[in-house]
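Same chain, two partners: subunit A is paired with subunit B first, then with subunit C.
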Partner chain A sequence: MAFYVVQFLTGLASAASLFLVASGLSIIFGVTRIVNFAHGAFYMIGAYIAFTLTDRFAGAFGFWGGIVAAALAVALIGVVVEMVLLRRIYHAPELFQLLATFGLTLMVEDLVVLIWGPDDLLGPRAPGFKGAVDFFGQNIPSYDLFLIVLGPVVLGILWLLFQRTRWGVLVRAATQDRDMVAALGVNQKWLFTSVFAVGVFLAALGGALQIPRDAVHHAMDLRIIVEVFVVVVIGGLGSIVGAFVAAVLVSELNAFGILIFPKISIILVFLVMAVVLIVRPWGLFGRPEAPARKTPGLTVNPWRPLTSNERLAALAVLVVAAMLPLVAGNYVLTVGSEIAIFVIFAVSLHFLMSVGGLASFGHAAYFGLGAYGIAFLAKMAGLPMIVCLLLGPLLGCLGAAVFGFFAVQLSGVYFAMLTLAFAQIVWSIAFQWVSVTGGDNGILGVWPEKWAASPSHFYWLALGVAALVTIALRIAVFSPFGYALRATRDSALRSEAIGINAKRIRWTAFVIAGTTAGIGGALFAYLKGSVFPDNLGISLSVDALVMVLLGGVETVSGAVIGAIVYKALNIWLVSQTDLSKLVLGAFIVLIVVVFPKGIVGMLEMLAQRRGNASPPGSALLAKPIESAE
Partner chain B sequence: MSVAPPLLAVEGLTKSYGGIHAVRGVAFSLRAGEILALIGPNGAGKSTCFDMLNGQNKPDSGHVRLNGEDVTGKKPREIWRLGVGRTFQITATFATMTVRENVQVALISHQKQLFNLWGSAPRFDRDEAGRLLELVGMGGYADRPCGELAYGDLKRLELAVALANEPKLLLMDEPTAGMAPRERVDLMRLTAHIAREKSIGVLFTEHDMDVVFEHADRIIVLNRGTLIAEGSPAEVRGNPQVQAVYLGEGLVYDARHREGTSA
Partner chain C sequence: MRAKNYFVGAAFALLASGMASSAMAQAEIKIGEINSYSLLPAFTEPYRKGWQLAVEEINAAGGINGKKLVVISKDDGGKPADAQTAANELVSSEGVAMLAGTFLSNIGLAVSDFANQKKVFFLAAEPLTDAVTWSRGNKYTFRLRPSNYMQAAMLVEAAAKLPAKRWATIAPNYEYGQSAVSVFKKLMSEKRPDIQWVDEQWPPQGKIDAGPVVQAVAAANPEAILNVTFGADLVKLVREGNTRGLFKGREVVSFLTGEPEYLDPLKDETPEGWIVTGYPWYSIKTPEHDAFLKAYQAKYNDYPRLGSIVGYQTIKSAAAILAKAGSTDPEKLIAAAEGLSVGSPFGEITFRKIDHQSTLGAYVGKTSVKDGKGIMVDSSYKKGSDYLPSDAEVEKLRPKD
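Here is the complex of A and B:
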C-alpha cells in the first residue's frame, strides 16, 4: 500500500512542472490564439539557464534566486520573440503560426547544443530539500513534497492574478472577445506582449524547477511539448483549472502506467485522451471553439486540372528524369531515389493539408509505420520484396485509420497538436518496445532483392512509384471526393448543409494520406536497408510540412516541387554544416514571414500578372499574409 | 382521416439559453408550394427557430415533421437528404472554387458520389449545374472564382446550391439581407417563381417588409419567442398586436394601452 501512495506522490510532483508549462500555453492561446509550439523550447532554455546560474552561485539564495532569475531572463527572450516575430503573424492563417513557432523550436535545439554542449547536465539539489522523507519504509524525496505543494500554490496565485487585478480582467476579457477589448481602447500590443511574457515565464519556471529532479538535455523540449499538448487537449485549451486537473491526471497515468504496461506506459495516456476526445472534444474544462480560420487562404484562385500541353510537359520532365542513370553515378542516383521517396511523402501530406485543410504535425508516423511494416514482413516473415511493398504500407494505413479516427474529431490547432502527440506515441513505442522493434538499434538488413538492388534499378523503381502516386493523388484532388474534401475545408457550415459528412470524408482522406506516406516509408526502408525510430520522428514530420509550404500550400503541384528543392537543399546542407536545425528553423521562419505562397504559388502569381496585366503598384509581396476571413 | 400531412409541421418548439426562453411553444405548418414568411423584431427568436428546423440547433422540446416524418434533432445533412434546401443569413459558399463548382459539389452530394475517387468533379454533370445557374441568372458567371463575387451574386449562387437536391422545402434565412433594393425584389421574385413552378414550400425570414408583403402567401409573427399572429399579409398588417410590436408600444396611444392592459 505504501508503495502505491509513494507512486501517487511521485506523480503529483511531476504534475507541478507539467502544469506550469501547460498553463502558460493555455494563457497565451486564450489571448493571442496562437498555439506556441516553441513553448517546450522556452521550458528547455529555462532549465539550461537555471543550470548555469545555480552552478555559479551556490547556496540557498543562489539556487532559488537562480531559478527565478532564469525564468525572468527567458520571459525577456519571450518578449523579444513576440515583438519581432509573432506581431507579424497574428493575422496569418493558423498553419503559419504553428510553423513559425516550430521553426523557432528547431533553432533553439541547435543553439542550446552550441552554448551548453550535447551532454546531459546534472543540476544541483535544492538547498533545504536535499533529503528524503520516510513513509512506511518508502523514501519520498522532500523536493517532491515541495513541488506537490507548489502546484496548487501557483494555481492559486494565477487565480488571484486573473480575478483580482486589472490586468487579469483584461486578459479574461480578451480571452472571451479580443476585438471587443480592442474596441474599448485597450492597447492590444502590450496586452499580448505581457501575456506572452507571463506564459513564457511559467514555462521557463517549470523547466528551471525540474533541474534537481532530471538531467538537462537538448531533447527535453519535444518531450515536454508533447505531454503539454496531451494535457491541454484533455483539460481544454484556455482553461487554467483544466490544465491543472489534466496535468495531475496525465502524471498519475504515467506513474501508474509504468506498473501496468512497463514497456509502453504511454498507451494508458493515449487511451484516456481518446475517451476524453470522444466525450468532450474540446477538453474537460474547455469550451467549443468557434470555427477555425481556414488553413490555406491567401488567394482565391480556383484550382484547375492540367491542360493537355502541361501534361505533355510533365511527361517530358518524367522521361528526362528517367534518363538520369545514363549520365549519373551511384551517389547521385541514391540521392535521386531519396528525393523521389520524399516526393511521395510530401504529396501525401499535401492531400491532407492543402486539399483537406488539416495540417498534420505528425505525418512521419505513417511514413515510419510503412517502413516498419516492410522490416517486419521482410525480416520476420521473410516475404518476397514485391509482396512486402504491397503489404508494408498497410501498417501505415492501419495506423492512420486508428489515429485518424480520433484526429478528425477535431480541426485546426487541436488537430495539429493531436497528430503530433500521436506521432510521438508511435515513436515512443518504436523506441521502447525493444523486443519487437529493436528500439534505438532499429532493424537492420532490409535490402531489396536482386532485381531492384542496383542504384539505377532502385532509382527507376522509386521514380516510377513516385510518378504513379503523384498522378493518383492528382486524380483524387479533382475527383468528386477531392471536391467534397475541399468543401469541408472551405465552409463547414455549407458542406454540412448539403449533406456532406465532414468527419467521414476527412477520415477517409487521412487514411489515404497515411497509406500513401506508408508507401514512401516502405521504399525508404529498402533504400536505407534499415529502419530506425527516427523514421517516424518529429523532425521528419516537420520536413514534410516544410516541403509542402516551400512548394506552395495553396497549389496543386507545389508539394512535388517543394520536395525536390527542399530535399536537394537539405542533403547539401547537412554535408556543409552541423547546425542544420538552426538553418532549417530560420528558413521556416523566413518562408512564413516573407514568402508564404511558396515557389509554385509565386510562379502562378507571376504568370497570372502577365496574363491579365493587374494594376501597377500592387507590390509582389505587399501584404504577404492575410487571413482568410 | 386520409388527409396528407403538411409538408412541414412544427409543434411546441421550445429552446432556452440559460434562463432566456429564445423560442417558446412555436407551432405552425406549411403546405407544398406555399410561401410563408417568418417575421419579428430583432431578438424575437427567428434565427433560433430557423436553425432548429434544419437541425443546426436542437430544440429542448417540441417536434418538427417533414411530410409526417419526425425529423426533430436530426443532423442538417440528414435533413438535407430528405429534401430541404437552406440558404444562410451570411452566405456560406466554397470560396476557392468556381461558381459552377460550388453547384457541382452539391450535385455530387445529391447523387451520392462523395466517395468517388476516380471521376472528374469539374466535368461532373455540367448540364444540370449550368441549368441551375441559368435558373438564378448566374449562367454567365459559371467560371468565375466564387471568392470574387459581389454579395448579391453570392446570394443567388446560394439559391442555386440550395436547389441542387430538388428540394421540397426551402429554408431561407434573410435571403435578401445585405443586397441592394433592386436585387432584393429580383431575387424574391425569382424565388417565388421557382417555388410556384416546382411546388416547393418556402419558409423565409426577412426584415424588408416590402419583400414580405409582396411575396408571402402567409405570414407568421414571432415576438419574444412566441407566435403572436398568423395570417394573410392583409390580416397581419391590420393586426394591432403586430403593429405594437413593430412600432413600439410606447408610441401607440390607443385605448387599450391607456387602460394599462398591455399586450
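Here is the complex of A and C:
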C-alpha cells in the first residue's frame, strides 16, 4: 500500500514541473493565439542560466535567488522577443507566428552549445531538500514534496491573479474575445507583452527548478515542448485549471502505467490526448471557440487559374529543369530529386492548410506511411517498382481515411493536435513493432530498379511526378470541389446554409492530401533506399509546416517555393556548417520579419502594388528553375 | 529571389570543385567522414579532436604512400536520410576514397546500406548495433568499436560472479537498449541458469521520468540491476536512485557508464561500485596509450574522452587500410582491410575477415568517486577478440554476400 501512495506522490511531483511549463504556454496561447514553439527553448534557457547562477552563488540564498533571477532574466528575454519579433506579425496569417518561434528554437539550440559547451551539466541539489523522507519504508525525495506543494501554490497564485486583479480580468476577456477587448480601448500591445512575459517566466521557472533533478543539456527543449502542448490541449486551451488536471492525469497514468506496461511512456500522452479529443473536442476544461470574425479568405486576393501565357511559361521552365541532367553531376541531381519530393509533400499539406483551412501537425504520418507501404511491398511481397509506386501511397490514403474521419470532426488547433496525436501513434507503432518494421533500425535495401536507378532517371521521375501532382492539385483547387472546400474554410455557417456537407468535403480533402503525401513518401523511400520511423516523425511534420508557411499560406502554390527554398537551404547549410540550425533559424526569423505573408505572398503583393498583372503565376513559374538546384 | 541566384551559384561552385578535385587527386587521398555533430556535440566534439590529431600525425609522417590525407567532414543532424545525402555528396561530388564515421545505430545502418548499394568502402566508427556486422552486414562495411554483443559479454563475465539472483533491467526504449538487454539476458542465463528476471523498465530515450521508474524497480525488490541508459537519462536515474536509496545494497551493472562522456557529468553524485564498461584514461599505463595521451593533451590542453580514441583510431585504421591497398579501388580496400592488424592506443587490433568487426576492446571496472569526480577503479582491458561468438555462430548470423 505504501508503495502505491509513494508512486502516486512521485507522479504528482512529475505533474508539478509539467504544469509550470504548460500553464505558461496555455496563458500565452489563450490571449495571443500564438502557438509558441519556443516555449521549450525558454524552459531550456531558464535551466542554463539557473545553472550558471547557482553554480556561482552557493548557499540557500544563492540557490533560490538564482532560480528566481534566472526565471526573471528569461522573462526579460521573452519581452524583447515579443516586442522586437512577434509584435510585427500578429496580423500575419494564423500559425505564421509558429514559424517565427520555430526559427528561434533552432537558434537557441545551437546558441546554448556555443555559450555553455557541449557537455551535460549537473546543477547543485536544492539546499534543504537534498535527502529523502521515509514513508513506511519507502523513500520520497524531499524535493519532490516541495514540487508537489509548489504546483497547487502556483495554480492558486495564477487563479488569484486572473480572478482578483484588473490585469487578470483583461487577460480573461482577451482569451474569450480579443477583438472585443481591443474595441473597448484596452492597450493590446502591453497586454500581450505582459502575458507573454508571464508565460515565459513560468516556462523558465519550470526549467530552473529542474536543475536539482536533471542534467542541463541542449536537447531539453525538444524533450518537453511536445509533451507540454499535449497537456495544454488535453486540459483545454487557455484553461489553467485544465492544464493542472491534465498534467496530473498524464503523470499519474504514466507512473502507474509503467508498472503494467513498461513500454507505455513513449506513447501514453498521445493516446490520452487522442481519446480526450475524440470524446471532448475542446479538451477537458476548454470551451468551444467563438466563431472567428476574421476569416483567412478575406485577406487574400481572389485566386485565379493561370493564363495561357503563364501556362506556357511554366511549361518552358519545367522543360529547362528537365534539362538539368545535361549539365549537373550525380549529387546535384540527387538533391534535385529530394527537393522535388519535398515539393510534393509541401504541396499536399498546403492543399489541406490553405485551401481547406486545416493545419495538420502530423502530416508526416502519411508521407511515412507511403514510404513504409513501399518498403513492405518491395521487400516482403517483392513486387516490381512500378506496382509498388502505384500501390504504396495507398497506405497513406488508408491512414488518412481512418484518422481523417476523426480529425475533421474538430477544427483549429484541436484539429492540429489530434493529427499530431495520430502521427505519434503511427510513429510509435513503426518504432515498437520491431519484427515487422525493424524498429528504429528501419527497413533497408529498398533501392529502385535499373530503369530508375541512375540519378538522372530518378530525377526525371521525381520532377515529373512533382509537376503532375502540383498540376492536379491546382486543378482540384479550381474545381467545384475546390470551391466547396474553400467555402467551408471561409465560413462554416454559410457553406452549411447552401447545402455543403462540410465534414465530408474536409474528409475528402484530408484523404487527397494524405494520399499525395504518400506519393512523396513512396518516392522518398526509393531515393534513400531505406525507411526509418523518422519518416513519420514530428520534425518532418514541422518541416512541412515551415515550408508551407515560408512559401505563403494564402497563395495557390506558395508551398512549391517554400519547399524549394527551405530544403535547398537546409541541405546546403548542413553540408557547409555544424551551426546549420543557428543560420537556418536566423534566416527563418528574418524571412518572417521581412516577408510576413511568406515569400510568394510577399512577391504577389509587391507585384500587385506595381500594377503588374501576372503575379499569381509566379509560384508555378519559378518552381522548375529552383528545383533544378 | 536573391536566394535563387545564390543557389545556382552554389550548384556551379559544387560542380567546379568536383572537377578541380579530380585534377588534384594525384596529390591527395580523401576520406569522407559523417557524424552527428550538431545533435550529439558532447560525444562528437572529442571525436573530432581525435581524428584531427590522427590526420596531423599521418601527414607529418609523410601521408599515405606519399600522398597527403584529407578528411572531409559532414554533419548528419542525427537523421538517417540526411546522412545519406551527406554520403552521396562525399562520394559523388568530393570523390572520396572511402566513407567513415557515424554514431547512432540507425545512421550507421543507413550509410552501410548506401555503401553496399553504391559499392563504396565504409568504416563505421561508433554505432554499436550488432546488425552492422551481423544480421545486416555487407561486404563493404567494417566496424571499429566493440559491438553491443561484445560489451554485453564483457559485462556478463563480471556480472555472473555476483551472488545476486533476482535481476531487474532499465534500458532506453529503442533498438540499442532492447538488444543490449536481450544479449545480456541470453548470455547471463547461459552462465547462470539460476537467476530470475523480476522487472524491466523501458523509459523513452531522452525522456525518462526517473522517479516512477526508480520506484517501480525498487518495488520489484531485485538484488541486482542492469542499466543501459546513458547521457541525461543516466543523470536523472542516478539522482533519483541515490535519493530514493535504490542502489543501496544492490549490485548495478551498467553499459558505457565508465566512458568520460557519461561519467564526468555525474560529478560527486557518481554511484560507488557499479560494474561498467568505459575508458579510464587516467589509469591506463601502456606505452601506446601514453604516446596518444601526451600528443592529445599537448594539442588540445584537454583530456581525451572515449570519442577521442574512436575518432583517432578510425582515421588511423582507415589510413592503414589505404596504405596497404595502395589504391582507392573499393575491392582492393576490402581485400586490404580483411585481416589487417593495426596499432591503437589500446594495443594492436585486427579487422576480422569473417564479419569485418575490429577486435578493439573496452575497459571494465568499477565506478568510484575521487575528489568530487567520478572515476573507474580496478579496471582492466578486455580484448575484443575474447568476447565474440565462435566463427560457426557468426556465419549463421551474417548473410552471405
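Throughout what follows, the second predicted complex is superposed on the first by the 461 of 629 C-alpha atoms of A that agree within 3 Å, B and C clash if a C-alpha of one lies under 4 Å from a C-alpha of the other, contacts with A are read in each partner's own complex, and residues count from 1 in each chain.
The working rule: a contact is a pair of C-beta atoms (placed from the backbone, for glycine too) under 8 Å apart; a residue touches a chain by one contact, two chains touch by 3 or more.
None of these values were measured; they are calculated from a predicted model.
When the two complexes are overlaid on their common chain A, residue A:449 makes contact with neither subunit B nor subunit C. Once the two complexes are overlaid on the shared chain, A:505 sits against subunit B while remaining clear of subunit C.
Touch criterion not met for A:310: it reaches neither subunit B nor subunit C. Subunit A has more of its residues touched by C than by the other of subunit B and subunit C.
In the superposition on chain A, A:302 contacts subunit B only, with no contact to subunit C. Once the two complexes are laid over each other on the shared chain, residue contacts for A:481 go to subunit B alone; subunit C is not touched.
By the touch criterion defined above, A:177 lies against neither subunit B nor subunit C after alignment on the C-alpha atoms of chain A.
In the superposition on chain A, A:254 makes contact with subunit C only, while subunit B stays out of contact range.
Comparing which residues of subunit A touch subunit B with which touch subunit C, the overlap comprises 628.
Those residues of subunit A that touch subunit C in the complex are listed here as 3, 6-7, 10-11, 13-14, 110, 113, 118-122, 130-132, 138-141, 143-144, 212-215, 217-220, 223, 227, 251, 254-255, 258-259, 262-263, 265-266, 327-332, 334-335, 338, 431-432, 434, 439-442, 444-445, 447, 455, 524, 528-530, 532, 534-535, 539, 565, 568-569, 571-572, 574-575, 577-581, 603, 622, 625-626, 628-629.
Listing the residues of subunit A that touch subunit B in their complex gives 296, 300-305, 475-476, 478-484, 486-487, 490-491, 493-501, 505, 508, 554, 628.
Partner subunit A is touched in their complex by these residues of subunit C: 1, 3-4, 7-8, 10-11, 14-15, 18, 37-39, 41-42, 45, 74-77, 79-82, 84-86, 88-89, 92-93, 105-106, 109-110, 113-114, 116-117, 129, 131, 136, 173-175, 178, 199-204, 206-207, 209-213, 215-216, 218-219, 231-232, 235-236, 239-240, 243-245, 264-267, 269. Residues of subunit B touching subunit A in their complex: 54, 75-77, 80-81, 86, 88, 92-98, 101, 104-106, 108-110, 113-122, 124, 145-148, 161, 164-165.
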